[in-house]
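The same subunit A turns up in both complexes below, where it pairs with subunit B and then with subunit C.
Coming up: the complex of A and B.
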């Protein structure tokens, strides 16, 4: 039981928090702009690498470097939107998807050029885990889960308590109705990018802390992020967050040795769990758990 | 002279193989509006199928069976279509972007299987000593003969793609792409038409993969790169003009020429700079995609609407 909590439940929650942060942004972008943003993973990697540069360059803690990560991903998202996506807004969603794919390649190339291909880790002091009744908690894992919780709380306040957040939800529900009701769609789109880019920067730093940094780190979790968003119901930020946690837990628990010491799924196939979840969702409940758009 | 002929045959062979991949993507995206970002998965399955069938028996992987290429290559196309079938049947009923996401998953799973199932694929060691048709003719005549063979396959597939495009089947595909409701009202079954186009495109990619392994005489989990096999093929199709088979082939040849030329230029640079040049090229593929989408969304040779395409 303790083994399950220490090696499956807690890592699952940490991974789930990271997926949730990434998937929430994807879901918001999908809701407001109606396209699958394929550059999200590479935006995440950009955030992680800038945080690394800031924390080593300025000698600050990794946690304090998160604002620097966001200060890179937010302009990157806004520039990509202004240069490319905004001009294609009237085309088919598929064209925007292809364009975001091009942006993904450009971001990845920049990361390779600036930081090189070799995987690196955040300079984190080694601290002993906290132990409660046999449950071992790594401090960084506690911070990741708390950090994701704080992000969720802030997003909730923005979406439900502010005028801008309400405008965002209105546009997600019915863009034409929102426009004729006087919603400033351009401003809402900018706000969506800012929120999604901040969330994905945090996700990138957390992913780097949980594992390591490499230029394809974000692309590697893109499938899982989409699967989380679709599982939760695309266009529904809360659904995406919930879907992320479920998927994170499913991925980590998939290797649990249930059958006489042999893992349910060989650990090397862990990243296939996201695909299975995606396919099962599409088969059984394509609108997702929380009735997103189909 | 001999060296130049060998180099030209190499470039020509790869250009023809990329044209086959681009034709496959054109059947899916250009004609039917299906986004496939997992091209690598279908190419790899075709590649491994052909490799295992044609190679001589080995203890490090299943087979090989020493089957002649003219049996193994169609089998490779069939294997890629078989891979496309279940996912297509599920994801094609839904919105276009869900297929794009699902295809990334297919590519990932194929990569995992290729890397981890040693008994089947040889794992990281891959499959070696894959025979290439006409290699008994020696260098460079063997390579030239192989180029002619690949060129003939391209010509045959092009004719098939043209026939499909201009047939009632092709018209129905375009109708489904442009107005699904109207196509339904005319008694067409969009889900089935999409599935057929998806399978056909995947078969082209599998066949392309088979020719690639025969050319390189090797396949391993890292032998095929997503940068070229998936992304570059998209640029080729968008640049050439999606929806038009002539555009697909022209785009493949033109983009391949630029790609090969920049590869040659980069190779002239000293060590560290050559690595960086590879990243600059990756950036430029992304940028090229944007520029074409914005400035020339129909590509070099766009789709002709109304009259049959010649």
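Coming up: the complex of A and C.
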């Protein structure tokens, strides 16, 4: 039991928190702009690398470097929108998807150019885990889960309590009706990018803390992020967060040694779990758990 | 000079023109009903006036100002409100939040707007916390009209407000429409339910193939045998 908690449940929750942060942004973007943002993973990697540069360059802790990560991803997202997506706003969603794939390649090339291809890690002091009744908790894991919780709470307050958040939800319900009501859609779109980019910057730093930094780190979790968003119901940020946690747990628990010490699924196949969840969701409940927009 | 003056309006989606030179007047406190067969361009006309469909030629003057192709989000502050036919509420927002969207441009007017909305539609008071997507068709229509009235528009455009509603709700909606006009607000309404709508109309406009076919007082259109045969089902 303790083994399950220490090696499967807690890592699953940590991974789930990271997926949730990334998937929530994807779902918001889909809701407001109706397209699958393929550059989200590389935006995540950009955030992680800028945080690394800030924390080593300025000698600050990784946690304190999160604002620097957001200060890179937010302008990157806004510039990509102004240069590419805004011009294609009236095109088919597939056209926007392909253009975001192009943006993804540009971001990744930039990361290779600036930081090189070799995997690196955040300079973290070695801290012994906290142990409660045999449950071993890495402090960084606690911070990741708490940090994701704070982000979720802040997003909830923005979406449900503020005028701008209400406009985002209104636009995701019906863009034309929102315009008739006087909503300046361009401003709502910018706000959506800001929020999604901040969330994905946090996700990037957390992913780097949980594993290591490499230029394809974000692209590697993009499929899982989409699977989370679709599992929760695309366009529904809460569903995406929930889907992320479920998927993180499913991935980590998939290698649990259930059959006489042999893992349920060889760890090499772990990343296939997202595919399976995605396919099963699309077959059984394509609208997702929380009735998405498809 | 009428509050809303449409002259020679031509436009549509993409390359195809659906409207081929429509003229229309609507004034404060007046109910103007647009009738016509399916595909005559009734809904497109409203969308064009509201800034959602591109106008290629012609004029739309509202309160003396040219508003053809002005951004849709600017209309509400000019005093021009619009309730589309379907998808006229935000389904995932509660009734109260839907009303709040009606004052999006001037959030400070929420309280007074809500009071007026609930005075006109008292049934909504018990449903304020319900997501609009869970309401019946008639209740949704009330939310949609209430949202459009939140900022006290000078003209409200209603696209088939009784579509799919039971007769009981239909007469309730028509009674509200008359009340709105009595309050000095202009009402421009598209209706399939042409007979009862023309009965309360100061003026009726018959559209066919994106052109004006006839314009006359509502009662005159009702008794015109040609119009009756062609557009009102006998």
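Definition applied: the second predicted complex is superposed on the first by the 294 of 294 C-alpha atoms of A that agree within 3 Å, B and C clash if a C-alpha of one lies under 4 Å from a C-alpha of the other, contacts with A are read in each partner's own complex, and residues count from 1 in each chain.
One rule holds for everything that comes next: contacts are C-beta pairs under 8 Å (C-beta built on N, C-alpha and C of every residue); 3 or more make two chains touch, one makes a residue touch a chain.
Values in this document were obtained by computation on a predicted structure and should not be read as measured data.
When both complexes are superposed on subunit A, subunit B and subunit C fit side by side without a clash. By the touch criterion defined above, A:87 lies against subunit B but remains apart from subunit C after alignment on the C-alpha atoms of chain A. In the superposition on chain A, A:163 makes contact with subunit C only, not with subunit B.
Judged by the number of subunit A residues each one touches, B leads among subunit B and subunit C. Applying the stated contact rule after C-alpha superposition, one finds that A:108 touches subunit B and leaves subunit C untouched.
In the superposed model, A:173 lies in contact with subunit C only, and not with subunit B.
Residue contacts after overlaying the shared chain place A:98 against subunit B, while subunit C stays out of touching range. Seen from the C-alpha centre of subunit A, the directions to the centres of subunit B and subunit C diverge by 90°, a value given as a multiple of 10 for the model superposed on chain A.
Residue contacts after overlaying the shared chain place A:185 against subunit C, while subunit B stays out of touching range.
Of the two partner chains placed by the overlay, only subunit B lies in contact with A:283; subunit C stays clear of it.
Here subunit B and subunit C sit at a least CA-CA distance of 14 Å once the structures share a frame through chain A.
Considering their complex, residues 163, 166-167, 169-170, 172-174, 176-185 of subunit A touch subunit C.
Residues of subunit B that touch subunit A in their complex: 33, 35, 37, 87, 90-91, 94-98, 100-102, 104-106, 108-109, 112, 115-116, 231, 234, 238, 276, 279-280, 282-283, 285-290, 293-294, 297.
Remark: subunit C residues 50-52, 71-77, 81-82, 84, 87-93, 97, 100-102, 104-105, 107, 147 touch subunit A in the complex.
Residue ranges on subunit A touching subunit B, taken from their complex, read 35-36, 38, 83-84, 87-88, 91, 93-95, 97-99, 101-106, 108-110, 112-113, 222-223, 226-227, 230, 266, 268-269, 271-272, 274-275, 278-279, 282-283, 286, 294.
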